[in-house]
Each structure stands twice: as C-alpha cells, then as structure tokens.
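Naming follows writing order (A, B, C and D), and every chain is counted from residue 1.
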Amino acid sequence: MGGSTLGAALRVTTFGESHGPAIGAVVDGCPAGLPLDEAVIQRDLDRRRPGRSSQTTQRQEADRVEILSGVFEGKTTGTPIALLIRNTDVRSRDYESIKDLFRPGHADYTYHQKYGIRDYRGGGRASARETAARVAAGAVARELLKREGIEVYAYLLQMGNVRAKRVERAAIDANPFFTPDPDIVPEMEKLLDDIRSSKDSIGALVEVVAEGVPPGLGEPVFDKLSADLCKGLGSIPAVKGVEIGEGFGVVARRGSEHLDAITPTGFATNRAGGILGGISNGAPIVARLALKPTSSIGIPQQTIDVRGEPATIVTKGRHDPCVGIRAVPIAEAMVLLVLADHWLRNRGSRL
Amino acid sequence: MGGSTLGAALRVTTFGESHGPAIGAVVDGCPAGLPLDEAVIQRDLDRRRPGRSSQTTQRQEADRVEILSGVFEGKTTGTPIALLIRNTDVRSRDYESIKDLFRPGHADYTYHQKYGIRDYRGGGRASARETAARVAAGAVARELLKREGIEVYAYLLQMGNVRAKRVERAAIDANPFFTPDPDIVPEMEKLLDDIRSSKDSIGALVEVVAEGVPPGLGEPVFDKLSADLCKGLGSIPAVKGVEIGEGFGVVARRGSEHLDAITPTGFATNRAGGILGGISNGAPIVARLALKPTSSIGIPQQTIDVRGEPATIVTKGRHDPCVGIRAVPIAEAMVLLVLADHWLRNRGSRL
Amino acid sequence: MGGSTLGAALRVTTFGESHGPAIGAVVDGCPAGLPLDEAVIQRDLDRRRPGRSSQTTQRQEADRVEILSGVFEGKTTGTPIALLIRNTDVRSRDYESIKDLFRPGHADYTYHQKYGIRDYRGGGRASARETAARVAAGAVARELLKREGIEVYAYLLQMGNVRAKRVERAAIDANPFFTPDPDIVPEMEKLLDDIRSSKDSIGALVEVVAEGVPPGLGEPVFDKLSADLCKGLGSIPAVKGVEIGEGFGVVARRGSEHLDAITPTGFATNRAGGILGGISNGAPIVARLALKPTSSIGIPQQTIDVRGEPATIVTKGRHDPCVGIRAVPIAEAMVLLVLADHWLRNRGSRL
Amino acid sequence: MGGSTLGAALRVTTFGESHGPAIGAVVDGCPAGLPLDEAVIQRDLDRRRPGRSSQTTQRQEADRVEILSGVFEGKTTGTPIALLIRNTDVRSRDYESIKDLFRPGHADYTYHQKYGIRDYRGGGRASARETAARVAAGAVARELLKREGIEVYAYLLQMGNVRAKRVERAAIDANPFFTPDPDIVPEMEKLLDDIRSSKDSIGALVEVVAEGVPPGLGEPVFDKLSADLCKGLGSIPAVKGVEIGEGFGVVARRGSEHLDAITPTGFATNRAGGILGGISNGAPIVARLALKPTSSIGIPQQTIDVRGEPATIVTKGRHDPCVGIRAVPIAEAMVLLVLADHWLRNRGSRL
C-alpha cells in the first residue's frame, strides 16, 4: 500500500525519483474555474530550485513544469491536474561508488530493508528532489486559497544557534536563507561558511504562518487541522518535530498563562497558533518544524554495506549544507495543501 | 467530510460525545485469528479511566467495554470489531450555565463557528472522553503487535518544570502520574497540589517508546511512519507539538553530531528515534508530545457569548489539572494504532 | 484491509453479525443542522424488518434503533452518527448441526477459505441481517436528500417470471411484495406458495428510481455516479447484476434508437436512466438489480465439510423464499447513500 | 473531490484529456521486485490502440508509453509507477463547430452542468481516450497476477444481435472484433458495414474471465469482489450494465436450479461466476458488461446549445461504430486492477 497520496478532498499524488526521467504530481479535486497556468506554478518552483544561490546544492535543475491536464483555456476544469518536471542535471555516476553502502542518516538502509531493492542514485524516491512536485502542487493550492484571502508564508527562523529576532516579511525573499531578519544574514553566512569548511552540515527551524484562514477548518477527532498539519509538515524529508502555537513551550506553562482570552474583536493573544480543538479559530495559524542537519557530509562515517560488513563512507554528490533553507517553500507547500484540502472539506460541514 | 477514521489497512472509526449515551470504536481490517476478549481491552481502559486516582478528574466512569462484533469463540474473525462504552456518570447540568459561552482554550468557539450547532455538554465530541474509544481500539492493536514482539509504552516525562531524570519501566504504573522516575513523585505531588490550590492547570511532556519494531514500517513520501505518528499523536486533544528522536534538539546540531553510525550489530546510537527516511530502522521508536495545560481552570477568564458580547467565565465541571497524566495511555494507543496499521500495510511491500 | 466502509464524503461503516449481540452503523460526514430522530430511522427499518409478513422470514426482530451519538436536541451536529440495533431473536442452535458444512450458494466456503475461522451462526457477517444497518444509515441520507427535493423509491419489478406491467407508487407499500403493480399480487402469492411448498426459492428483479436529482452528481472516470451505484447495489447480498437505464437492452440497440434527444425543456426520453458520462443529467435515475434465489432451501444439496469430505445438506433456519422482497428497502438505502455521498462531493466541483 | 483514483491497496490514478498534451496513470502500491518494462505495457496498449483495424476509429495514436518512475534496473521498487502517453494525432478543429452544442448521449451536457466549463475537444476527460491509461496500469496488474497464476481475458460476446456461440481463446486476437467465435466474424463484418453505411452505431456485450483466482479475494460487506468488479467495469465509458455468473438470468431461476453443488474436487457448476458472498471461491470469475452504441453518429440529432436554444447536430470526428470492440482490452484492464488490488488486500486477512 503506497503512501504517495495526501488529502481527502484535494488529493495530491506525487511520483518520481531523484535520478529517474521525471518527477511530478497529480492534483485531483481542484474545483473548476480557477485561473491557472505554468507561470504561476513556476514562480513557486523557482523559489525551491536547486542552484538558486551559493548557499544550496549546486545541482542545476531548470525545474520547468509542464501542465499535462486539467486546465483548459487558462482555467481548471475540475479534472486531475497533472504536473510534470523532467530531471535534467542527473549525475548518477556520483553514486556508483556507494551503491552497496548505507549512508548514515539516509533512507538507504530502511528502503533496502523494506523493499529488498532500491534506486540508490541520489536517494531515489527518498531524495529531497521529490519535494519539487509538492511545491508545484502547493502552487495550485495557493491560487485556490488566494481567492479566499488566505495567504501562507514561511521563513527560516533559526539555523544552528543563529535565530531571527524579528519577522520582516519583505526581507524573506531578499536573502538566500529565507530568513525574516535581515540583520542576521551575515551571521548565517558566517555559520554556513564554517559548516562548509568543516565539511559538516547544520540543523534548522522553519516557521510557517497562514493568515486570513476563516474559522471552521479542520474535522473532529483524527483529521484535526493541527493533526493534518503535523502530518503534512512531518512528511517533509529531515523533519524531526512539528509544533503549533506555543508548541513545546506549553509543557512548563500554567493554564492561566497559556489561555487566549476571547474578546468581541477576536482573540487577545494567539498562543494557540490559530487552532482550538483541532479547528481553525480565525487567528493566524503558526507552525514550526525542526529539520535535522543534512545527512550527506564530507566527514567519514562508520557504516555497513549490503552484506553487513563494516565500512567507512564519505558522502559525495551535491548537497545543501542546511536542508532547512530550501525547506521554506516546501513547508509553505505542505501548509497550502493541507489548508486547501480542509477548506474544501469544510464545504460539507453544514446544510 | 467527517474525520473520525484513522488508518489505511487497520481502520479505526470512533464515535460519541462526552454526555451522550455512549462512545465507541469500530476497528476494521484486523486479521482473523487473533485471540481477543473484553478483559484484554478493559485492562488498557482501566489505566486511562477517570477517577482512577486523586490526581485526575473525579468523574466516575466504569468504562465497561462491550465487544459487539468481530469476535467469535475468543478470536477475531476478520470482520469489523465494534467496541461500545456506555456513559454513566453524566452531569450535564454542570454545563447548563455556560452553554452560551465559549470557554477559552476549548473547542466551543470553533465548533460553533464550524457547525452553527454544538453539544455543549462537557465539550461534546471534543471532550477527552472520546479518547477512551481510542484506548479500547489501541488495545486491539496491542494484541496484534504483541505477537510480533512489538511493545509500546509511554510515560510522563515532564510536568511543568518537574522532569524525570531516568526511565524505570516498573515505576510507570506504580504511581498516579505514570512517571518513570519514582524519585520525582513527591515533587509532582507538590506541584499538582499547588496547581489545584491556585485553581490553575499545568502542561506536560509525554514520551512514547516502541520496542521490537522491525525495519521497514512506513511508506514513502506522505505516509511516512514519522508523519503518521505526528498525525496520530497530534490528534490527541491538547497536543501542541510532536517530535521524534532528538526532535527540536536537531536545530542546533551538526550532521557529525546527529548521525547514528551503523554497525554490523545495529545502530551505534539512536538519535533518529528509530525512523530514517520515514521508515522504521529496527531501533526503538521514540516520540514525545507536548500537552498544553487543561483549559478548564477555576480562575476567571475573559470571553464572549454566542451573541459576541463580552463575558467572564469560570469553568466548572470535573477536570484533570494536568491532562498530560491521562494522556499516557492515550499516547500509547495512538502509537499502537499507527504501528499496527503500518505493520499490515508493509505486508504489501514486496512480492 | 476491511471493506465495511462506503463513501468518500458521507462515510458509512457497518458492523455486526447475524447472531452476535448487535449490528449497527456509524455515519460520518453528515452536515450539521439536519433534523433527525430515531422515529425517522425506525420508519425505514420497519419496512425491511423480518417477520413483517408471512411472505418473508419468520425471525422476529424488533429492530429497534438507538442513536448513540451525533445528534443533539433533535439535530445532527456534524459528528459521527452511531446507530445501534440489538439482535434479540437469535437461535444459534439452528446452526450447530451445520457448523462444519459449507452451505452451497452461501459465503460459508469463501469465508472459511479467506479467514480460516468463521462465525457460522446464521451466516455471521455475510447474513442479510447486516443490511438492517445499511437501511438505518440510508434513512439518514434520505433526510438529507429530502431537503434537496430528491426522492428515492424502489419496488419489486419481477419475481421469477411474474413481472409488473405498470408502476403505481401508492401500491408499493400496500402489498407484502413491494410490487408496484397491484394486479400481479395474486400471481406473486401463488408463485411463493408454490416455491414454499416445493421447499425451493426464487430470484427477483428490483428497480430503484431517484427523482429530483440535480444534474452534476458523479465524478469523472472511476467515481462515476453510475459506477458507484453499480458498486453500492452490487454489494447487496445475492445481487448478481446491476443495470442503469436501458441496461443490457443496449446490446442490440443502434445509436439512433438509444440516444435521448435534448430539448429546451429537458430530455425527450430517458433511455440513459438519468446518467451521462457518469454524471447525473437531471432526469430520473433508474437502476435495476438482479437477486439470485435464496441459497437456503429445503431440498437436499451436495456439499463438502470443512475436512473436504462429501456431505448432503438441507438448510434449516428461518429464511425468505425470495430475498428480492426485502431487498427493496435495502436497494433504496444503497441508492440514498450513494446519492448523498455524491451530493456532498459535488459541493467541491466549482469555485 | 475528484474521482480519478481506484483501489485501496493498489491505487491507480489516471489523468489527461482527449486533446490535451498527454494522458497517463500513476500506480501506487505495487510491491517491489516485479519485473517490468515498457514493452510489457506496450503489448496491452497496442491491443486497445485506435487505428488498429478498419473496424475502429481512424485516429492514429502510436500510444507509446514511457515509464517515468518506480522501476529501476527492470524491476519495480515499491514506489509509484508513473506511466505517460503523449497525445499526437489531435485534431481539435474537428470540434470547433460543436463547442457550444451538447452532443446527445455524451457527457457534454453533464460536464457543463457540473463544472460550468469544459474541454469540448474530443470529449475532454470523458473521452474513451482516457482508457488507454487504464490499459497501461492494467498491464502492471497483469504482470503481478501472472506470477500467481491468475490470467484474465475478455472477448466480444455479442454485437447487436450477432452473438458468439462458442469461446475459442485462440480466435480472440485473430480477428478485429475480439470475438471468440471465428464463425461469426463474417456476420459481424456485415453488421458493421451496415451500421457504417447507415451512419449509425451499435451496442455490444463483452465477457471477461479470470482464471486461477485463489479463493479468498474480496472483503465483507461493501468491498466485495463482486461489488468492486461492478464498479470497475461500470466505470468504463458507455457501460450500462454489469453482471456476474448467471447475472440477470437468476431472476427467473429457482434456488435448486442456481446453486452450485460443492464436491471434494471443486464446484460442480459455476453459475455463481466464481464469487460467493462477495469473495472469490476458486472457480473462474465470469463477468459481462453491456456497452451502449457509440453516441457519435452521422444521423442528425435534436439537441440544445449552451444557451438552451434548440439545435440539430451531426457528430463528426473519428469514432468507433461499436465501442464494445475496443472495450475488450479495457474490460480486461479493469478486472486486472480490481483483482490485483484485492489480492494485495487479502494479504492482511489472516495472522
């Protein structure tokens, strides 16, 4: 039972491997009549694109998206929207030398154990390359939600110990880190230089905000909006934690300190992060995700090969020293997809 | 589109409100031939039961489970297992006075906005009472996994600022807090006494461990084991964050510090928390969830009524001062259900 | 992977065995605000009830439905509606003698092969008794659709070679066969007397009509309204064929004979049975289902036992000589459930 | 909520319009390790291909399939298998003249009503062209089932009033009608010549047989194998009826005439068509589907335009005079997909 489909009303299925001919997504359930073209999707893809700056992987992928179906004369028709992205800058020979080794921190070992066979080239299906398809699909959701006045944006809140002290939206896309605090860009540069020179990698914290979300999105019990955000964000490669509103900060909090008072003009505070009882309350939705440091590092690691023999491995290939940077548009995409799905689901909540 | 069903191969649907006639669960997809009776389910239910100790709500519910279907002569038949728990100690009049008010932190406001109608008695469907049905269903999953040598247990790692310093499994069920560190029981008692006397509530951190999980559970991309654990645990009432392995600790970590070396006898460390690339790696699975302080407190809160007029509310009813305590068996149930689902799904991964 | 859930937006899960403590259904996804009480459900259940006339099984089941959840102060709340029906007139000893034998035409052999264990009492989960839960759930769908002006009714079009020559709606509930042609009631009585005296059984043809269905219900490609009706009706026990509109009559038809001309006031004819391209066209939906003769007959049959040894069997128990009669309300229920599901799904088809 | 995905364990999602850039399918859930290449899929596609003989549409489509993902070094990897077929012989101008008219019998009117927008070129998503994606996906299922000794084949049992009198498997692919009775080929040719010269079309009856199916496939209640076959076959364009085993013949049958006696060596007869209680019984599965005459005919039809004004239409474009012919490989594909799905699902039925 494959697991490459997300959503109940807006269903997204992605496919493709890092070094196969192409990756892509099929978005089924998008209402008819939504203006859509490749340019709109390309805009989001370009933000995630590898090779975009010197701070991320040097793999050069044009990431040109082609809409194969579901759009007619510039509008969605209600039928599945298939999005195709060809892989072009594939260097599979980079991986020949490690095809029998399990890279620590990667999915090599677990795919091997699960399937008995694996496409070892660039991580195959487990590669972050797959997330381009999510970003493409997320762009469709963005168009849908934009019409409802819902806006989703993310930023790099922290990398290593360098943390943004403020959120300036205009700054986010004006620096290669997607950080919302322009003052910390030099620090981040310095940190990454250090990381790179030591052939290491570093973790990160991404924050996503959704504004304009009406109250009522989310379904009781299992398909809470919060639960589906946890799943959506938790499905991004390298994510080891997800939190909403005050998140793990609630552990040491008293009720009287955490509760958001309700006033005739809205919630006095937003410690809940926009979700109560699993349903959006109209305040901005705020979620954070923790991304582990890139597993591919230039420092020799201890591992085993497919026969179980001990080995030492130095991961080659072209990698981001901090996957958290490019995770910013991916996190947006996941929140967009979950919100669009629940926005559609919520159409059925009342007579 | 309701959201009361979880799982793809083992599908659990729960139903019921806090003050309705009954709550329950239907478990569909359990293989035939599993020994099962009410006693086995009751054992898990009794651990979650309200009124179990002076540290939790004083609502007295026998929580007697009745198996309505799917079991014949002591064994599952492969057909849906319906589990019924009657509500007995219902005091709906406790809620009459607040039926037009939205309790801060609760789902009152969001259900009202979503549905235009709500069962205000005890939180209705959003009540933690619903989780009894999850625990009952989880007990079925526990029986299934036990045969495979998989064992799941949870404990209260932290309440407020009181944190367990060690994990002693035998201690967990020997104290009313489910803490694994017997030495901190007096501190926890003191904290809760303080919380109660100030009519407040307190947050908590629960850790869940799954041992004996074979490598291979979890599906690529969206239905990663980690993503489904995030969803399952994130769907528990009051949860504001979920993390796996090092969790949010990875943000400030370097790759060389985080990676688990692989040796011929297994992983040298378990910073990944048993999951790589979304698939179990054979090491123990470790997850943590952050629970906000109970929203029902005796300190007056500012709110509005259904007409939007400002009001002051003091929540009555019988409540846990720390929902994190009884969340321990619930967290186990969710991990059990997710693991059993993926264990069944994984049967299809190879020829 | 169980198969006891139907629908995507309105999801119905049934549970229960013929001779277990109870059967029931959980309906998730019903919009909030729908007036609903037990009396409305009971009305539909009473039409399906065994022992209703001398023409059907003599098992006496009150079939009292209890609403366990999802309804508050007479209206649905948007949460799962659980419906419970206790089994009361259980005579399991009737089945003791055949517990090791496979009754021809029944699911005994296939359940045994599939599960290795089976509840042999009255057919267990495969019993037509399970359909009471469908009828209860269908009554919820009926209330939902009634508000939209959609009405669903079925009737016994043919039993053996006795076929209705006209459809008089008022006649349907005025005779024990649910036939719409009062003139053939004596013939049907005579046929059934003959069948009973020869200890045999007889097949039947049921027709279902849905009036007032707006155009637009049904989703492209796989979840066509026609395909989901085929599945819903095809899932009723004993059904061996389903057809829509002209059905199998189209095989020998020319295009010029089959096409329904479109006029400014609607379709000139309705050979399509209300569905074009899998989507409702606004004309009445007309479907028919063929039900095989009851497999339980008093004439000795050749079979084998669980050890594979040849045996002769005479089926006892209390049975309908023609399952097609009580299939009438069941067929209505299935069409109601499929239509309600698609009516809800269609809310997402346009911006 | 889109409806372009079929299956629970083996999930197939198709996409694409008749005159868009491409059509395709994503198959998720196929176990790893299955040998697969484009040639194997092409073989099935070639049987369905338009322009294959003078008896079907003259649209020339190479129908070249490209595997985009999920296969590595000639074997499936367990990840989604994406299959792409470019549309090449597109003549959209054929449809310009009728873009504001609703062709009787087609989905034009219903898509327009549902979505308010439609891709009028060649029927868009409702075109039979979409079925090429099903055939490609079905070829994957065929490979999977072949290893289990399951074989599926179909044939044209009847066209108009010309019916095969016997089934000779070798004959099926040796004539342009896929009829299993070589003796009726001249009659079929004559009939089609007549149909063509009168610019009309004709209905057909296709029979599908699955041999080697083990007992146990199919899930209780809703997801019966029979119900899912009814849905799968019922979702093929132009299908108006589906039956299994004796099908509609059971209406006039007595139980003593219909029951298949069970003997130590198997079922004495196969009136049930290989399914009892919704679960395969080990005998060959036999299903039939009725296909309406092609809606595109050269005889003027009465219709309306998008403004509701009356109009006369003569459908142009390149069409099959009998869609039942090319429905043969499509029917095989649907049965293959349903069987493969249930074969995988059944892995979870026992401990």
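Basically, contacts are C-beta pairs under 8 Å (C-beta built on N, C-alpha and C of every residue); 3 or more make two chains touch, one makes a residue touch a chain.
Keep in mind that what you see is a predicted model, and the values were worked out from it rather than measured.
Novice: Considering only chains that satisfy the touch condition with subunit A, which of them also satisfy it with subunit B?
Specialist: Joint contacts, listed by label: C, D.
Novice: Count the C-beta pairs in contact for A-C and for B-C, then report the pair with the higher count.
Specialist: Spelling it out, more C-beta pairs touch across B-C than across the other pair.
Novice: Whole-Å distance, subunit C centre to subunit D centre, using C-alpha means?
Specialist: Roughly 26 Å separates the two chain centres.
Novice: From the C-alpha centre of subunit B to that of subunit C, how far is it in Å?
Specialist: The mean C-alpha positions of subunit B and subunit C differ by 38 Å.
Novice: Centroid from C-alpha atoms only, then distance subunit A to subunit C, rounded to Å. What do you get?
Specialist: That gives a centre separation of 46 Å.
Novice: Subunit A: which residues touch two or more other chains?
Specialist: 1-5, 8-9, 14, 29, 32-33, 78-79, 114-116, 125, 220, 344, 348-350
Novice: Where on subunit C does subunit A make contact in their complex?
Specialist: Interface residues on subunit C, with respect to subunit A: 1, 8-9, 29, 31-34, 78-79, 147, 220, 344, 347-351.
Novice: Can you name the residues of subunit C that touch subunit D in the complex?
Specialist: Residues in contact with subunit D: 1-6, 8-9, 14, 102, 104-111, 113-116, 125-126, 130, 158, 160-161, 195, 200-205, 215-216, 218-224, 226-235, 237, 239-264, 268, 272-273, 275-282, 290-297, 299, 301-304, 308-310, 345-346, 348-350.
Novice: In the complex of these two chains, what residues of subunit A are touching subunit D?
Specialist: By the definition above, subunit A touches subunit D via 1-5, 8-9, 11, 13-17, 20-24, 26, 28-30, 32-33, 66-70, 72, 75, 77-82, 84, 114-119, 124-125, 344.
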